[in-house]
Amino acid sequence: MYVSPIREPLIKGNKTYSQITKDIAAPIEGKPGKAWYMGLTISLSAMFFGLAMMGYTVWEGIGTWGLNRTIGWGWGITNFVWWVGIGHAGTFISAILLLFRQKWRTSINRSAEAMTIFAVMCAGLFPLIHMGRPLLAFFVFPYPNTRDLWVNFNSPLLWDVFAISTYLLVSLLFWYMGLIPDIGTMRDRVTSKAKKTIYGLLSFGWTGSVKHWQRHEKLSLILAGLAAPLVLSVHSIVSSDFATAIIPGWHTTIFPPYFVAGAIFSGFAMVLTLLVVTRKVLNLENYITLAHIESMNKIIIATGSIVGIAYLTELFIAWYSGVEYEQYAFLNRATGPYWWAYAIMMTCNVISPQLLWFRKLRRNLLFTFILSIFINIGMWFERFVIIVTSLHRDYLPSSWSMYKPTIVEVGIFIGTLGLFFSCFLLFIRYFPVIAIAEVKTVVKSSGAKEPKN
Amino acid sequence: MNTNYILSKKTKQVFLFISVIGILLIALGFVFENPESKNIWMNVLLNNLYFLFLSLFGALFIALHKIAHSGWHVSLKRIPEALSSFLPYSAALMFLLFFGMHDLYHWSHHDLHDPIIEGKSAYLNLPFFFIRMAIYFAGWIGLSYLLRKNSISQDLSNDYKFHKQGKTLAALFMAFFAVSSSTMTWDWIMSVDPHWFSTLFGWYVFIGLFVSGIAAFILIIAFLKSQGYIDFVNKEHLHDLGKYLFGFSIFWMYLWFFQYMLIWYSHIPEETVYYAQRLNGFPNLFFVILILNFVFPFLALMTRNSKRNIKWLAMVATVVLIGHWLNIYLMLSPGILGETAQIGLIEIGCTCLYLGGFLFVVFNALSKKPLLCKNDPFLEESFHYET
Amino acid sequence: MRRYISAYFTDEENLLRASKILMEKEISILDILTPFPVHGLDKILGLKDSKLPTVGFIAGAIGTIFAFGFQTWAFVVDYPLFIGGKPHFSIPSFIPITFEVTVLFAAVAMVFAFLFRSKLGLGAKNKIHDERITDDRFVIIIEANENDDHFNNVKTILEQEEAHEIQLKEHK
């Protein structure tokens, strides 16, 4: 294949295959720095605090949360949707960018997929703990039972059970199948007997045989073909939790693709937050280059613009419909008691990513890092605004109420952040952060010169 | 290798013949079907939209692939450029609607005593409607013209500045298209049912535009190849276009499904009436559209080889093009004609008339420039790549 | 005692050319081990296309029928309830779960088929030919026979393509 010389090289520094292996294996083989230990301590502490809050919730009940009859969903489901959304970037990078032959994905897909799995794990906690009796959580699965009852197939909340379970499992399989050859690399590099045994087991006996590679490539391609529709379907089903309702601000047909665009938007922001730091700390700047950062920023401005257009569409159609409840819902969002949340959402999601039209900013690491955090804050507020403003004032003014989270809810959210970052820190310590084998396939075809053919 | 397409006399005659058949069918339709003015105007609107979409796709394809830094498509770009050359004709035809507004759009009548429509009158009024129409076409025609000009400038000079200019133009087009693609559907299609609304509508129609455009792209390639042109278009290019046709047909179905399911689920009468009219008045057509636009392309294009065979692709593309025509028909006719509307001689005739003219304009534009562009920095990639 | 010839390459272009020549001369290649998938190698070796896609399709189809059928049976035959005014046979409601189960069945079936066919798994006892393969070495394993000429023939071909460490080994 020919690569045009105007394209930036995917891997910088004229790396040989051996150098690639060494560079990516280095963080696993060496000892982690102080920063890693500090980071892990902080995130584990957050995680344990969150676990305590979750335990307290399960023990005492949902009364420990700030929910009431009018606003039955608050931080819990906001966090659920936020985490699931973040997870979608990993699958987008692995699956959809593979289908579009974007070779630059090979430097970021492994860590993005890992991020997906951790994010979906965090998301899955919320449906579990928000049930009144989490020990009976298995009731959601349609198994033959003595209660003589089936689950409610008509409910989007049940569709969620199937969607999130499938998504978690397929993401896990996709991530792990891709990891197998790289674990093989680690197995063959480590010297201690214990490490060799563990990596040996986890490598599933990978030999590098051409027939296995042929099947592996086919498998990756088809899993990508399956995972791509999952990106769309899972978040569309999540959005159906709201869109199938009848309250203004929730019942609107644009939700499925708009939520998907928002998910990819926030997910890429999280990938950038993680990788801007990781590439520096693990000395992987030659693999996760400024070109990669710029490409991710381009996806952010594209999906951010789609989200912005969706906001404008909702506003316009609310007016156009002539439905006074719909019109009030949006007026309330902008001017009612939660106007500040709406302002944060609009600033962070609509205005700030538009700065990425400037190439200099797309390639600026500090700006990218700060913007990525703003975007995730904005996207959190988007879900909060949708959920709480539509619930706290719908059709019946006598039911109007306010919602404030309790320390328990806030603590649980902090706990999930702790779980997420702990998992990610452990991941970068023990597994190759970059897809070693995949990067080797693209190192030659990366701009600079024409490959021998 | 022929570098220029020659619009032969024979081909011109075929196009003319199609239009003449169209006129004949329309004439017969007047005799047997007794159409009212609203039947005629419905067909004008239907075909205006159908061929506008194919034409807009041309400009969109170029702009989208330019900002994505895509290399594989570069050797093909003269074809979508030619599609976009129909836009000025689309504009003229669309402005003709001025004479049919009362037949097409209830909201254009005065003294309706309908508070819902009155509530929308700040947007749905004749002057603003046509001002918007002018803005849309000014943007689409202007930017697509500049994109085509940029493409030819690149042919004539090796200067890298044209590549950069092209990217800027492409970004401008995408930004303009992102907004106008939705608002045009609200203006021209959604307002046919002035009490109904759906926030997804703009994006849903847009994907239909994209799929139809890909199908038309494939058919033009099939035609050119059958005449011995564009032998640089290989199986890899076909495979990619086939992937687009497959994938976006699925995406269309996904949007169709969610628009339908969400309205069905909430069961709010002012929304469900839209689907009730269509399911009750056109039960067979309703499902035929889903089969032609999703079930068939899904099954027919699943395998790798199916996407690499130009004859098979052309066949599927034809089915999809018919399916999307029927879809626009079903979007428009209940609101304009009521539930007793039927597809007859007038419908087929009008489409044939438009088709002949459209083909002539597009192939004429194709003949004015070399089929293969030059000097594009990604051109070599377009020759040497594998999917 | 079965014997084989092994040779190492450091560049996949050489490997591709060497494999092509060996295939043309009808020399039997037992296996090729590489650190990453080498594009075009499976075609040169004449390997048949993997049947994983078929497995995926069939498993997915089973998933579709199972999920849609089960929901229909549960809500139409076994325990029909009126929920939110929806009909018992509420097709739009059944679609999301049907779709997810289809994807689930297809993905899981393909992964298991892949692991099973390639004899990979948690307890797999595959011989690791050389630890450098997963780093940067490409290894060809050619069937050897008792003929010394054969070995020299092969050695010449391989050396032309810059192979290293061409050795005659015995299967353990």
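Letters A, B and C name the chains as they come in the text, with residue numbers starting at 1 for each one.
To be clear about the criterion, contacts are C-beta pairs under 8 Å (C-beta built on N, C-alpha and C of every residue); 3 or more make two chains touch, one makes a residue touch a chain.
What you are looking at is a predicted structure, and each value in this text was computed from that prediction instead of being measured.
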Closest chain to the centre of mass proxy, which here is the mean CA position: A
Reference chain A; chain at largest CA-centroid distance: B
Distance from chain B to chain A - Cα centre to Cα centre, in angstrom: 35
Chain B and chain C, separation of their C-alpha mean positions in angstrom: 42
Chain A and chain C: spacing of chain centres that average the CA atoms, whole Å: 29
Residues of chain B whose C-beta touches two or more other chains: 261, 265, 386
Where chain A touches two or more other chains, by residue: 229, 233, 240
Where chain C touches two or more other chains, by residue: 39, 84, 86, 93
Touching residues on chain A, where the partner in the complex is chain B: 1-7, 99, 101, 229, 232-233, 236, 240, 243-246, 251-257, 305-306, 309-310, 312-314, 317, 320-323, 357
Residues on chain C engaged by chain A in the complex (per definition of touch): 13, 31-39, 41-42, 45, 47, 49-50, 52-53, 56, 70-71, 74-75, 78-79, 83-84, 86, 90, 93-94, 96-97, 99-101, 103-104, 106-108, 110-111, 114-115, 117-129, 131-136
Chain B - residues contacting chain A, complex: 69, 71, 115-116, 119-120, 123, 160, 163, 171, 175, 178-179, 182, 186, 197-203, 243, 247, 250-251, 254-255, 258-259, 261-263, 265-266, 268, 270, 377-378, 380-381, 383-387
In the complex with chain C, residue positions of chain B that touch it: 257, 260-261, 264-265, 267, 302, 386
Of chain A, residues touching chain C in the complex: 16-18, 21, 142, 148-150, 152-156, 158-159, 162-163, 165-166, 169-170, 173-174, 177, 180-181, 184-185, 187-189, 201, 204-219, 222-223, 226-227, 229-230, 233-234, 237, 240, 437-438, 440-441, 452
